[in-house]
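Have a look at the structure that comes next, please.
Naming follows writing order (A, B, C and D), and every chain is counted from residue 1.
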Amino acid sequence: MNVKSLIRHETLLALLLVVVLIVLSFQSDRFFTVDNLLNQGRLMTEIGLIAIAMTFVIATGGIDLSVGSILGLTAILTGVFWQNVGLPLPVAATAAIAAGTFAGFVNGVIITRFRVPPLIATLATLALYRGLAEGISQARSVRGYPEWFYVLGQQDVLGVPTQLWILFFAAVVASIILAYTTWGRTVYAVGSNEVASRFSGLSVEKTKLALYTASGFAAAVAAVIFVSRVSTTRSDMGTGIELDAITAVVLGGTSIFGGRGTIVGTIIGLCLIQALKNGLSLAGVKGDGTIMLIGAVLILAILASNLFERSGTRT
Amino acid sequence: QSVWTGGDDLPTNPLACDATPATAAAKPYDGGQPTNAPDRKGKTIKVVDVPKLIGIGYFNATSKGIADAAKEMGSMDAKTDGPSKANIDDQVTLIDNYITSGVDGILFAANDPVAIAPVLKKALAAGINVVGYDANSTPDARQWFVNQAEFNGIAKAMVDSMAAEIGDEGAFAIVTSTFTTPNQARWIAEMAAYQAKCHPKMKWLETVEAQEDNILSFNQSNTLINKYGDELKGIFGMTSVATPAAADAVTQAKKCGSVAVVGLATPNAMKPYVGAGCVKSVVLWNPVDLGYAAAYVLRATADGTLASGATSVKAGKLGDLSVINGSEILLGAPTVFNKDNIGNFDF
Amino acid sequence: MSNPTAYVSLTGMSKSFGGVKVLKEVDFDVRPGEVHALLGENGAGKSTLIKMMSGLYTPDAGTIMVGGKEVKFSSTRDAAAVGIATVYQELLLFPELSVAENVFLGNYPRTALGIIDWAEVRRRTRDLLDQLDTYDLDVDAKVLSLSVAQRQRVEIAKALSKNARILIMDEPTASLVESDVQRLMMIVRQLRERGVGIVYVSHRMSEIFALADRVTVLRDGAHVATRDIGEVDENQLVSMMVGRSIESLFPKADATIGETVLRVTNLNHGRHVRDISFDLRRGEILGIAGLVGSGRTELALTLFGMTPATSGEIAMDGKVVRIGSPRQARDLGIAYVPEDRGQQGLVKSMAIRKNVSMATIERLSSGIFIKAGEEAQRALDAVKRLSIRCRNIGQPVGELSGGNQQKVVIAKWLETMPKVLILDEPTRGVDVGAKAEIHTIMGELVKQGVAIIMISSELPEVLGMSDRVLVISGGRITGEIARAEATPERVGAAMTAHRTGEAA
Amino acid sequence: MMTTTVEATARSRSAPQRPGFFKRLFAEYGQEIVVLAAIVVLFAVVTMVNPRFISANNLTTIFSGNAYIAVAAIGMAMVIVTGNIDVSVGALIGVLATISGTLAVAGYPIWFAWLAPVLVGMAINAIIGILVAYARIPSIVVTLGALSILRGGLISVTGGTWITDLPSAYLIAQKQVLGLPVPLVFMVVLTALAALWMRYTAFGRSLYAIGGNAEAALATGIPIARRIVAVFVIHGAFAGLATILFATQLQVIQSTVPPNLELTVITAAVIGGVSILGGSGTVIGSTLATILFATIGSALIFVNVSAYWLRAVIGLLILATVLADMLRRRGRS
């Protein structure tokens, strides 16, 4: 029943995506073009990377609200390490990613060692990390990166935006991990029944620690891509991105209570949101109308799959 | 108080203490050029206006100006669409979508001068005419920028008004949106430089952040009043959100007359305070005019009548506007709203 | 078969879950002042029937008559309104709320102003608990800090608080030790005297014969028979329930007892594990008896690394080891089948296959990838070996009956090929048939040389299965009794033995 | 020695002594006491640095200027107690403020302009509650959706035009009763009423039951779905009351969604001790937490913390409160 209903939600969502794509391409002939679609991939990479890690986190029954702040902190550190400390840019970016990953690790420690519920812990670090970004940057932007750095965020590899390759690679690796490895199994088990998982000798704490660290890492990588895409660093980068990522994840069928969810679902959810944003804009709908529609789609999609699931178990 | 850098490390350039106008060194054109732009001369063009954010009075006014100009010209099909938060990412995404949808011209007010540059360059590469207003991008990412008033000019007007109200030895504090907001940051930097140069005995107490949140601005202003007591003589509001909130704080603290409020704001929001006499004057260019001018500049750019080397441009009822700094068009002097004229404006 | 003297009578009750019919046109009734026992294997549908009687489930078909009038319950409130109160099998309490509040939640005494009269709530709770001889339970304690037996007491107090005319008790004794069972039976008799009709579900035959006036047997969701207790004997009931007769409930196999695998010396953890020392040998079943709260589970948890020992020594195969986590315990060959199957033993929403492989998932992997084929094969083998009744190995464990769920937990731990298997209440809430099967499995395991520690609150089980009995009281060992000398009297005496040598 | 042992044994057979008043107080209101202590310490320390901190004006700013957050957090705390959450409350307040202000300017009776946000808040949240309770969509999903819809809707309807020329009778948050600012009175009275209601009515208690163990609540006969709709409706009413304070604090209303208000409100509720897993916590805690944040914000300005580092320090203090609470809980168990 469980597996079947999972497939059902994703199928439903994929169908919806197809319908949306068809409808939108009738609305504007510039929508369904390779260029436009690839370009959308470029725009959704940062949220995508974060949403992939968030899928794991939510599947364990947790949540990470601090990702936007980690993104901002990493972006600032990239700039500061490079310009103020004088490190070569690749080293600076790596060091910043390490710092962002560490921020995720700190979340994990607060959650696993001190047993603070994830929502509260990351609500607190959401404020803390953003504050650190602001304090470290002293509200200054860092600009003027060397041209080669923009390969990551603004250029193509084999005709496809560079960062889209990264997103694609991350999605494939993540879905394999979640579906076929002991680690993925542990994620679902912890999300379904943490106590029983502990009693079965699964390393619950280590897994969670690793997940929050990974979430920090994903946000940090997204930060560097973001900096490269927009050519500058600001301490307010990534504000509110956590809600966008969570929206994609829950739209993709991951249960907010843990225990179920897939990467495929998340990616479809992400594509659906991006297609709506882009397609509606091309069709002449303004931004405020678009966000209203996305809100409605989120509620209706989950409602529809709830109804399907319930009618399914009755027969 | 830490040194203000204005969010970037650009040098400040305070004006002379008296009314001597700045001698602008002539600069060659440094804007960008659209690639293979079709000949749009005289044709109706489709234009999108992407302000920093929608849903605030200020950008409603610029949007109105653009719409007015478009109607007047009859050959511009203009629409405003912007992010609901002053967020670089959403703004970039929106512009990107409009490039794809195939507009002829883009008007923008940048949330970040550098972050917006790649997507604007992309627009230029797609043959789209790009003109900025209110908040600039790097020059090569757009063709022209309509400058409402130079940073140092605003700084001078603000500091001089404050000095006139609280005297040359008064102490003041500033309420701004965030330290990273580019325009506000530069204004504050220029104000610091100008004050140090021309009113060295004024005392700069501190600067606080209040987002774009009017209740927070109100609370922050109150906290400043409470903290400094009688020492505080004036508050600068750096945004159209902060200034009315600061005025309200002063009103409710019954400090009208003993704490001056000087700031940038739209007249509608300030009417109650100016009317009650708690705020003497509000400095702001007319944002309707700003949008109006921007639309005319874009039209001229598309027609090819405004090109590299021009020294002025015709902007409908505003007359001739002059080119400064290579690729900027100066709107003119800021408007000062006071008890007598504030009723005449509606934005 | 509506009986004129019945207060509640159900006719033709049917219920399906997800297309599976779990109750088929069952008739049932309760009279005032009788104890009506409801019997059946795990999954026979007893709890389902009860939940319809108490308004928690809506029947698909069938009628409910109360006092001769047909009623429809749309919530438990409706059932409570006609005097039906229920103590559910899964104790349904609010962990964050106090005892008093749990008892009166939903029908608080109010003051004239209509607000809750907390003083009255506390006073009446105190009275109810005192009626249940539960003087030591603080009415202000949060339920989450209580033991299972204490929670049970709270549930009964809650039912009593409603002045029920019909009291339904779904396996109330499953987690009680003998002395508590006796106390509960006394309470049940008192209530019967007062004219309350009682529906009593239990898998323990002794209680049925001691209490019941009538019995109804269900099998596979169908009504088999309703008899007066005098008309039937134990063997008849068992064969009505399982459709066959069971030869022996305690098939104690002769296993050769080998060398020592586990040696525990002066083990301590907190207040509940004090100075514990014992040896465990291959092929041996070591029974552990004790009162509720005596610290048996705590001892198991300490051995299993859940609450690592603060002092003392554990040696496996002669080597001193440190066990700091269940993982380490598992790797050393210690397995633990916990007492709370639903919370600690199983991931109910997951398939049988995944539950069976849960403790051995690393071993079932090449690199990091799970070998799905091998996993399925092993699960199939386990299902066959332990005769777990299920549709297929992809079925979520939560859908199985209690006994079969228990077998899945055992299967999970057998996968680790443990040297020492700790079973904590292995047959709690398990029907006679499955109980015998689990005991048989234990017999086979010791034959293969596994050493078993069995914690049980059922004295007959302890005496029937153990080679040696260790009695614990107040966290200390108060008796070690060989099988030959283990009598109910000796074990019972040790269970209540005063802690020796304890200074104030 | 001997006698005390005997006495102790004897007592353990009879009813246990009720623990002392303070012990019970601490057991029941531990987190609230931690937060209150933090407020007191902050006040003491900052007043030593700058005595103006404790001036009547500054107290008004701290308590009164943030009262609307506390009022909104009361409803949020109730929602969280039932195990749900609402991330759309900021957007809702934005919408309600616009409605209220528009009515006031349009010349409707003042009482109607005050009542309208309460009613509309209840209506909107009734829909949310129905989707959560009857359609079984997790509350975070429904309210994420509602957040988008309300925010987008507000902008497309108002275009962000500010509301000015508010009649002065409407501006209730600027008035005083018995010499106390109205927002302060609102905050205290509503917190007290809500706290009593949560503790002394069957309805209030049932919210804890639902959050603590929904299955058991069902078995106890608590109509869970109806209660959840009701709690969202009540939360809507509190959002409406918060709106009154929010909209009448200044002479203009900004018709946009106040930035990050939902996070502020949720943080106040959870730091005040409402377990995010549902089932415990009080509205006294959420109000105290709001005051704590307001105190921190003001205090950092008074002690001249570098404005750049202000948010980092706030984050650190929030984290410290959270960790202190966790350590306290662990120390207890």
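We take it that a residue touches a chain if its C-beta (ideal position, glycine included) is under 8 Å from a C-beta of that chain, and two chains touch if they have at least 3 such contacts.
Quantities reported herein were computed from a predicted structural model and do not represent experimental measurements.
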Sorted by label, the chains bordering both subunit C and subunit D are A
Chain centres computed over CA atoms; the one at greatest distance from subunit C is chain B
Could you tell me the distance, in whole angstrom, between the mean C-alpha positions of subunit B and subunit D? 37
Would you mind pulling out the distance in Å between where the CA atoms of subunit A average out and where those of subunit D do? 30
Can you give the whole-Å distance between the Cα centres of subunit A and subunit C? 44
Name the residues of subunit D that each touch 2 or more other chains. 151-152, 155, 275, 306, 308, 310
Where in subunit A do residues touch two or more of the other chains? 134, 137-139, 286-288, 291
Which residues belonging to subunit B are in contact with no fewer than two other chains? 2, 54-55, 84-85, 179
Can you name every chain pair that touches? A-B, A-C, A-D, B-D, C-D
Within their complex, subunit D touches subunit B through residues 50, 52-53, 55, 57-58, 60-61, 65-66, 68, 151-152, 154-155, 158-162, 164-165, 174, 246, 249-252, 254-260, 294, 297-298, 301-302, 304, 306-308, 310
Please name which positions on subunit C make contact with subunit D in the complex. 54-56, 75-80, 86, 88, 90, 92-97, 101, 105-106, 108, 110, 114-116, 118, 126, 130, 135-138, 140, 504
Please name which positions on subunit D make contact with subunit A in the complex. 87, 131, 135-138, 140-142, 144-149, 151-153, 155-156, 263, 266-267, 270-271, 275-277, 306, 308-316, 318-319, 322-323, 326-327, 330
Note: in the complex, subunit C contacts subunit A through residues 18-19, 306, 325-327, 329-331, 336, 338, 343-351, 354, 358-359, 361-362, 365, 368-370, 372, 394, 396, 412
In their complex, what parts of subunit A are in touch with subunit C? 1-3, 177, 180-183, 185-186, 188-189, 192-193, 195-203, 259-260, 313-315
